[in-house]
Structure formats: C-alpha cells, structure tokens
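Next come two complexes, and both contain chain A; in the first it sits with chain B, in the second with chain C.
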Partner chain A sequence: MITAHRQPSATADWILVVLFSAAVLTMPWWLAPFGANYPDLMQKFAIYGVFAIGFNILFGLTGYLSFGHAAFLGAGSYAAVWCFKLLSMNILPAIVASVCVAGVFAFLIGFISLRRSGIYFSILTLAFAQMSYNLAYSVLTPITNGETGLQLSLSDPRVVDAALGISTGRSLPSTTLFGIKMSGMPGFWFCAVVLIIAFFIALRITRSPFGMMLRAIKSNQTRMKYTGFNTRPYLIWAFVISGMYAGLAGGLLSVTDPLAGAERMQWTASGEVVLMTILGGAGTLIGPVLGASLIKYFENIFSAINTRDLNQMFDGLPEGLQDFAVSTVGLFVGDGWHLTLGLMFMIVVIFLPGGIMEGVRRIARLFKRDKTASAPVQAPAPSAGQG
Partner chain B sequence: MDAIFLQVLNGLDKGGAYALIALGLTLVFGTLGVVNFAHGALFMLGAFCAVTLQKVLTISTKVKDESITFFEAFKEVPILEAKFPVVGGFIVDWSVPFAILAAIPIMLVVGLVMERGLIRHFYKRPHADQILVTFGLAIVVQEIIRHYFGANPIPQSAPDAFSGSANIGALFGLGESVVYPWWRLIYLAFAGLIIAGVFAFLQFTTFGMVVRAGMQDREMVGLLGINIQRRFTIVFGLAAVVAGLAGVMYTPILPPDYHMGMDFLVLSFVVVVVGGMGSLGGAVLAGFLLGILQSFASMTEVKSVIPGIDQIIIYLVAVVVLLVRPRGLLGRKGVMED
Partner chain C sequence: MRPVDNVVLHVADVHKSFAGLHALSDIDLSVKEGETHAIIGPNGAGKSTLLNVCIGRLAPDSGHVVFDGQNLTGRAPHEINQLGVVRVFQTPEIFPDLTLLENVMVPILAKRDGSFKLALFRRFSSETQVRKEAEEILSDLGLGQLMSSAAASLSRGDKRRLELAMGLAQHPRLLLLDEPTAGMARHDTNATIDLLKRIKERGMTKVIIEHDMHVVFSLADRISVLAGGRIICQGTPEEVKNDPRVKEAYLGEEQVG
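Take a look at the complex of A and B:
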C-alpha cells in the first residue's frame, strides 16, 4: 500500500509541541469540570502517556506488536525503588537508573525477539514478559520482595543522603527533587514536564530519517531488504528506545509512590498499553497520550461507581425498571470496569482500527469535503504519522 | 525411578490440557488463518459448563435431618437426591461426566456464533488486528463469567468411584508406593481419545479430507465447487468443542475460576509455536513434551540445582526452539513465514 507522505513543516511541529505543552500544563484547570483535576489521577495521565508514546514508537512506526512491554515498566520501577533504598531519595538518579536498566533489559530481549517477526515476535515478547513476571514472584524475591512488593524501610542505607547529612528522622522519607517533595501537585508538575520532553523526543524521532526507516519497515520490510538496508539495527534501536520509555514510566510510577510490585509486569498490563495506543490511534503522536488519559480517566470514574450510586441515578424510574437498569448498568461499572474495557477494545478494533485520531480525521475530512465539494481534485488524505 | 515415573505421568496430564487447547488453536489457524486469543476463554467456558450443571443439579431443599433427635433440625439436600434417592444421587455424583454431554452442543453453538459473528470479518485483516480483537473478546467473556460466578475458584468433585488413587505401581512393577489419582489417569485417557478422534476425523472422513485439502490450497478447493468456507466454520465449532471438553474434564483437577483461560492460553500459544504453527501433530507433540519438561523442572532435586527453573522452563524452551528451529518442531515450509 502506497500512501502519499507529506512531511509537515518545522513550524507546524513547533506549534504542535507548544499546543501540546499548553494542554498538558493547564490540565489542573481544564480538567476541573470533569472532576479529574486531582494530582494522583493527573500523574497517572502523564505517566501512562509516556508509556504509550514509547510503545507507539515500536508498534505505531514499525508495526511490531509487542505483548511484553510491561516487563520494562516493572524493571524500571524496581530500579527506581532500589535507587531510593541504596543511594538517595532524590529522584534524578532513580529516573536515570530506571531508564538505563530498562534499556539494557530491552536490548537483551529485543536482540532475541527481533530475530522473528509477526505473531512469533508477539509471542516471544509475551514469553519473556511472563518469564520475568514469574521470576519476580519466585526466585528473584531477594530483589523484588515477591508478593509484598519492594518498598522503602527505615533501615535502608541511602549512602548519598547519609553522606550529605540529610536525615529523615523516624518516619519513612518521601521522594524529593532537591528538597521539593514529589507527592501531590509538585509530583504532577514533574511528570508533566517529563511527558512534554518525552513527546518532543518522540516527535523528533518520528520526523528524523531514522523514523522514516521505521515506517518503511512497517510498509514493506522485504523491499527495504532488497534495496540493501539492514533493517535489524533499526528495529533493535526502536525496541530499546521504546523499552526505555517504558522504564521511564516505571521510574515515574515509583517516584509518585515508592512501591514496586510484580503485578506491573503481568501480561494484562502489557495488554493495557496496547489498548491505550490503539484507542488513541497507533502511529500518531497525540493518539497514545489521548488513549492513555481516556482509559485512566474512565477506569477512575467507572470503577468508583457502586450500586448505591446507580440506585440514586435511576431514582426517578418505576420500581421494576429501576432494578433492571441498575443491574444492567452494574455489569459495566465498579468491578465490571474490565468488561467495559474489553468491549471498548473490541469496538475500536472492529470499527475504528485507526483509533480516535482516525475518527477525528474522518470527521475533519467530512467537513473539508462539504467546503470543497466543487474542487476538482481532492487533497490527499494525510497518512498515519502526522500529528 | 518411582519419582521420575510419577513426574512423567504428571507431565502427560498437564500436557494433555496444553495439547487439547493447542490442537484447537492450530486447527483454527490452519483453516481460517486467524490467530485466536479467545481460545483460552473457550476452555474456561467449557469448565463453567460443568460448574453450571453442577449448580443446577444441586438446587437444594430443606429436609428434616433424621440423625438429630433432640430438636427439629434441617439440612440442605439437592432436590434430585430427595425425590429420587438412587438415580438422583448418581446423577449429582456424576455431574462432571454428564457435563460433557451438555458441553458438546453448547460449545458448538458458541463456536459457530463466534465464527459467524466476529471472526469472519477478520480473515483479511492483519494478524495484529486479529490478536487484538480476540484478546478483547477474551476479556469480555471472562468478565461476564466473573460477574455471574464470582472471582473465587469453584471446586468440582470427580465421581466418588474415581476420587481415590490407583495403585499403578503394581501394574508396572514399581512397588506399592507409586499411586496416582484415578481422575488424572482418566483425564489422560480422555485427552488421548479426543486427540485420536480429531485426527481420525480429519484423516478418514470425506469431510476431513476436504478440510485438509482446503488447508493446503483453499482457492483450488473453492474452484472445484466446494463450499470450503462452511466447512472451515464447522472446524471452528469443532475446535471450540475440543477446548470446552478439555475444560470440563479439567475441573476436578483444577477448580475453575474466571481467568484460568488466560493462564492456559499463554502457555498454549507457546506450545503452538514450539510445535510449529499450523502443524497438528506438532501441537500435540509439543503439548506433551512441554508438559513433561515442566513437571520435571518442578521436582525439588532439579529446583535445588537451578532455582526458579520450574517457572520459566516452558518459555525458555520456546525461545531456544524459535531461535534454533524457527518453524517449530514440525512446522511446514510456507506456513506463517515472514
């Protein structure tokens, strides 16, 4: 399939970055009407946004569907918490450590998994992630603290903090950025800035010749090989970069809450990031962030609704009808949130494989056609990879 | 020696479940070319057929408890048993085997509906889309089950006649200490029977011959005027029945819960890949092989040498096989090549 590819101008990209930054940084205000402007949730938006952006670099650009990305998220979390335990409560070394550990881990797994493509690749990554998950629960307990999860304790050495004379007294220390506590709003600001940087880097990667290579691999790898390109190094790099993004997200999770558990590595977590990317629109830049935020938002709203709320909601209805409505809707909220998630997943894949961004484009095209109905030639539809 | 013998049996047992699920996966993949991540959900649905039947059969009434004479005491007794003490009690006791009879039509219908309703629209879509949509379906199915049956495992009992252990040691001359649960032996025999049945069906019937021809060259069979699509749909139903029966029979061994399908699915996919995508024999062989390897790896002697090996052995084998023999053990050339 050949699609005309129009590289947007540098100015358009800068406008995109500025708009994106503005949208992210003003979140606390424009999310207020949705009841989603509290720090914990907004931190999640930003963190999972980073995760999805990274996943998109692999899946969106090269088309390689990894089902094991949660392993890197988990590895990043563990690395960050160990950093808090051993070195310092300052988050910068922890973030660096989580990115590096996840990068090395991704290189090892990618080096083997990328020997194959298509469904084999998916299953290999799934196998590696399950392997890491199982190991984290069993043999690696000294490192991961098994089911309890790795957490801070009062007896941690924290070498650097001790040398600098930073003492926390009798309570558990909290994560800081040179003295600023990283919980609540400061934590969100930090995550937001990281998200913007991550977005900017992803944009640069997408627009670079390297990004072009990755998209070429997606559209026709065989032709690439025949024209004399060795695609393997590009794929490995894409895999490592996307693993580092996942590690960064894992590190941020530990920054906002210094507790790392093995369940972050489970394959359902890998499935979640796939869904975020697909829902927003794989291959687009904004899509993954949008998908991640929407899913985290709905998860938060839907899973909090209980039967009492529902009874209140349908209070005006006649008795029998009210019970019926409550029991039907009750299927999809509260504990049943995953059902909604699964349905959403199916509906998106069936009807809108390009995700929300595809929907937006379709609507935009509809309006454009109305306006330019008399124009003899239609402008080529922008292909995936833009905005 | 005794321990090794028992581990082989354990492995064959586990391998039986893997092989049955992997067989269905391979059938679907070989005929329709669809990667079905919802196959584990079919296994789970089968198990819940047994649970439902047992629940229905044991709808209880209060009956006066004759054994307590001091005061009026009541106990819960299944209606069936209260009304027809002999036959009813027998049916309740044998609810798992009876569930097989119920599961066959149910799973067939589920399979056909799933194929016609969803899978059909995904023949031409990329494998990634197929994986994603069936993954979504699996989540939906398992969440519905969780809503109606709860999150806890629901233990099922094998019929009393098979609840004990067989003294198989004496049979093989290994000493009296080697005993093995009857039901697991029956499960093994059952798995063998089903596998043999599927192979015989494909090998010795006209229908099976056409299906095999269609797997090799679908277009040609179509050009000969055969409605290959309809046969493939029926094969999907068959695969669903196989998965469902595996689920029903597995319930006394492992109490079913809503996510058992997912747990088995991941492993079964690994089994399919190790066996060779699209190779039925490979799926069965790899199923038993990985089952045995896994049970050997969980022996304490092995674990003390390589800690944690029992957790990862299957994945490790899959990685090695894929790198050394990219097509899998018995994979054919030209199936799912890159």
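Take a look at the complex of A and C:
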C-alpha cells in the first residue's frame, strides 16, 4: 500500500525547529572537519538555503516549476544596494526593501505567468527572467550600473546616516546592524538567524490550511476548481511568497557583500536553485537547505582543488599511476567541478527521485524494519503500511 | 426569470453543437427540490454534455441553466460549486497524494472558508471540527479504516466512494452524479444504491446519469430519456418503462427494466 505523508504533530514540528536551529548555529564547529567553517562559505549556505526554502514553497507545494526565480534574487540585491546608497548602511531597511521590491516584482511576473501551467509556465518565467537580466545589463544601466554592477561610492547621499551624523570618513562604509559590522562572522550569525526564521515561517506555511490547499492543487487542480476553490489567488500568493524569499536571499547577498550585478539574474542562477531543491528533495522542509549547502560546498571546495593539490594527494602512488589518477580526477575538480555536480545530480535523480531526503527516509525505514524483525514474538502490526 | 415553485434546476432551451454535430438541442428540463432525477439514454445521446453544461465546463450555444433563480451559464466552476452544486465525475477526481482524511477535509474547508482564504499561520491539523466532520462522513461510507492512507492506494470502487464522500461533505443542494456505478462489481453497485438511497432521505436533490437500468429504477423519482441530443420522454419510472418511444430508442441496445 502506498503510504501518505502524514501531518506531524505540533510538538514534532517544534522539535524539528529546535534541531534545525541547533544544527545551523553550531555550523562553525561541526563544519570544521570538512574545511567549510569559514564565514564566506557558511554565509552562502544560509543565504542559498533561504533561496531554496522559498523556491520550494512554489515548486515543492504547488508543483509549478519556475525557471526565473533568479530575477527576484537580483531584484532584491539591487534594492538592498540602493538602500545602502540612498538611506543608510543599516541592513534592516535594506532587507525590508529587498523583500518588498521582490514581492511586487514577483506579483507582476506571477500574475502573467500563472495564466498557464506546466511547461508553458516554466517557459514564461524563464522568458521574464532573461528579459530582466538583459534589461539590467543594458537598458536599465542608470539603475543597475550595467556591466560593472551596482556599487557603493563615497558620493552616495545616505540621507539617514547623514542626518544621524554617522560618517565613514574617507573609506567606503561597510554594512552594519546598529553599529555591528556585517562582514565575516557577524555576517554569518545574522544570515543564520534569518535562515532559522525563514525556515520557521516556511514550516508554518506548509502546515497551514493554505499549504494544504497548495498540495491539493499539485495533486489535482481540476478537483480543486470543482470543489469550490479559486486556485488562481492561491498560486499567485505562493509565487509572491517564494519571490519574497528570493528577494530576501538577494538582500542578504548584498548585506554580506554590498555590490549587485546583472549575472545574479541569469538563467544559470535560476537553474541552480532548481537543482538545489531537487537534489535535497522537493516538497520537504530540510531538503532544499541540504541541497543548497551541498551545491555551494562543492562549488567552493571542489573548484578550489588544483593539479598541485592532486599531485600531493596521490603522492604515494607509482609514477605512471599517479599521472593517470591526477589527470582523471582532475577532470572532476577545479574548473571541472560542474562535472561532479552533474554526476551527483544524475545519480540522485535516477536512484533517489525524492532527493537526499528520500534517502534519509529509506534509511529510517530500514532501521524500523530491523527493529520489528528482531522482535519475532510480536505479531506484525496490521497498520504496517502506514508507517 | 424565477422558475416555478420548488424547481431547483431549470435547463431552458439549451443548444450545443460541436463542429456542426448537434449534441444537444431544445433541452428543457426541470428538477424539483428533493427529487432524484435520472437522465438515461443510449451511448452518444448527449448525457455527459448536458451535465457539463450544467456545471459550467461547457458553455451552451444558446439557452441557459438556472439554479435556484441564478443563471449558471458563463460562471467559473468554483462559483457554481459555491452556489451548492457539486459534481461527482465518471472517472474519480480525487487528490491522489493526500490521505483520505485530507481529501474530505479540503472540501469542507472550501464550504466554510469560500473560494480563497489566506490563513498562513493556522494549523491545518488543528481544524478539529472539520476533522471530526470528515471522519464521520468517511466512517459513514465505510472508509473509516483507511482514513490515513493515501487516496492513490484505493481500489477504483473505493475511489468513487471517496469522491462521493468529498461531495457529500459539502452538503450540496444539488448533487450531480455521472454514472456512479460504472465499472463496479455487483455487490459494490448495490452498496452504492443503498448509500444513495440513504442520502435521498436527507432531502438532497440529485441528478444521476446512469447506464445501469437496475440502478436507475431503484433510485429515480423521475426519468428523462435522452436520444440524439433531444429529450424524447420524461416521467415517472413507470411511465418511462411503458413508453414506446423509449423502447424504440433502446432497440438493439438493451432491454429497459
């Protein structure tokens, strides 16, 4: 019998949130053995985690595959940098601005794209995102500073900071949270807290009646309509919420490094979040964060390995064998890390269509079965199919 | 435009053609409050087209469908449902990925909350009132044991029963059933007949499209016979059974009664 995804209790959800928070906040320690505990990379884990969590609200719950979410990420980045330039280096108004701008932008694109479903919807979102990218790159240069990217400069007005008498002297200012500089570890702590809040909100959305309606739309949209639901506002809200998450991620990117370029809107960036979500497990809560972290980890660690590192690694091997090993493995690291990513993605999609989280579930089930097998006195539970 | 007293559904002068083929012509049909009205007819007579016109899936070329004084033509499916018209499909339309309980809770929420409600921070699983209602309906239809399994795992007969439960959960004023027993084994058919009889006692108006004469004559108060897109006969089961035009229309198909 096919088992359904049963709704966990409120207590189980709180435990999940606590465990998740603990895992995120202890990252600097448990990531050390992987060589990934430096702030830049951990910030990326958190930021792209937010991006993927939001993407999953649309894709995982409704099944609508957007290929243009990078547009909202980019819009959020630009909004945040403009906020730094015009108002204040404080990150809070910048974050609010990036979320709002992305939300409005997502509403406009969603309103049109959601007139279609399936592949046509995906193509429409892709088209809009590429349009945004090209606009940001060329026509909108006054707003986006085109090829160079939007940057801070000494001549920026920063009216609020100026009014409060905060001056930065002769060097470019850095982003702050009420005086705390947001680079390095403080930046990571801020992103981590935002990730936890974003996770909590996504959890509540998933468990809400609204989330259930989104799952029902994914399951059978025709039935939804004949059940008395107008599916369109549900889909538009899901699209806007996930666009706001993308905007938040874009804002955080600007917080940790206050410059925004058009390449953040390119289709490769949109495709990346799709990969993250599917790799981790679409429709699950943890999966997207796992997928995002894994891809960012590979991007940073594998792409940094060069031929000298490999030669060192295979030092013990005989001469010919060492050359062979270095040249073979060399294909998969450095610039070739995309090859590793592609292979990993293929393996997951073929063997674990539900992503890494499906693997986790399978292992959990295996353990459960072992337990029942080691207790032969007990008769098999009649509801075994529902576990 | 208000129809005669206690007529709930009034199909007036409906025409519908597909590429020159007259699927429905001159259809005039009144369904009274509380009655079970069966629409029968040979294959291709236009039964399903008529039902689709009633729920807004197809727009008639001319004429209109009036439910309780309100014109249904041109309305979106969800609006028609909100007025209290529920349709059960021929091939069961359920939510295969959700549990049976969720399948029934969703329509109850639709009835309670309307066509759209953004309640981002309520918990679906704490809707205890809705859950209780859904559990009662499922047990009533004999699906109580399967409440927490996925709807996709049900047998075809159970899926149809589930869809019926989803429809009944909304307490519709008018229930449209498209061949509720097609493809069912005999004992399942009889169980469904019993079930539909029980609903009848609650005073719900029903329109049933059916092939199986056993089902039709066990349930219907009145019957309309459709052939070649026209209603050729309308009346009580007794009248229809003895009408020579009906026998003619069914000649070579199957024996009436």
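In this text, the second predicted complex is superposed on the first by the 367 of 387 C-alpha atoms of A that agree within 3 Å, B and C clash if a C-alpha of one lies under 4 Å from a C-alpha of the other, contacts with A are read in each partner's own complex, and residues count from 1 in each chain.
As a convention for this text, a residue touches a chain if its C-beta (ideal position, glycine included) is under 8 Å from a C-beta of that chain, and two chains touch if they have at least 3 such contacts.
All values reported here derive from a predicted model rather than from experimental measurement.
Using the superposition on chain A described above, determine whether A:Phe314 touches chain B (first), chain C (second), both, or neither.
Neither partner.
Could you tell me if A:Met131 is touching chain B, chain C, both of them or neither one (first, second, both, neither)?
A:Met131 contacts chain B only, not chain C.
Which of the two partners, first being chain B and second being chain C, lies in contact with A:Tyr38: first, second, both, or neither?
neither
Considering only the touch criterion stated at the top, classify A:Ile123 as touching first (chain B), second (chain C), both, or neither.
So A:Ile123 only meets chain B here.
First (chain B), second (chain C), both or neither: which does A:Arg223 touch?
After superposition on chain A, A:Arg223 lies in contact with chain C alone.
Looking at A:Arg215 after the superposition, I want to know if it touches chain B, chain C, both of them or none. Which is it: first, second, both, neither?
Second partner only, chain C.
What residues on chain A does chain C touch that chain B touches too?
Correct list for chain A: none, the interfaces share no residue.
Provide the residue numbers of chain A that touch chain C in the complex, in ascending order.
So the residues of chain A in touch with chain C come to 1-7, 9-10, 204-205, 207-213, 215-216, 218-220, 222-231, 233-234, 237, 385-386.
Give the list of chain A residues in touch with chain B in this complex.
Those residues of chain A that touch chain B are 63, 65, 67, 112, 115-120, 122-124, 126-128, 130-131, 134-135, 137-140, 267-268, 271, 274, 278, 331, 335-336, 338-339, 341-346, 349-350, 353.
Taking the touch rule as given, give the residues of chain C at its contact with chain A in the complex, in rising order.
That would be residues 55, 76-78, 81-82, 86-87, 89, 93-99, 102, 105-107, 109-111, 113-127, 148-153, 166, 170 of chain C.
In the complex, go through chain B and note every residue touching chain A.
35, 118, 121, 125, 127-129, 131-133, 135-140, 143-144, 146-147, 262, 266, 269-270, 273, 277, 307-308, 311-312, 315-316, 318-319, 322-323, 326, 336, 338
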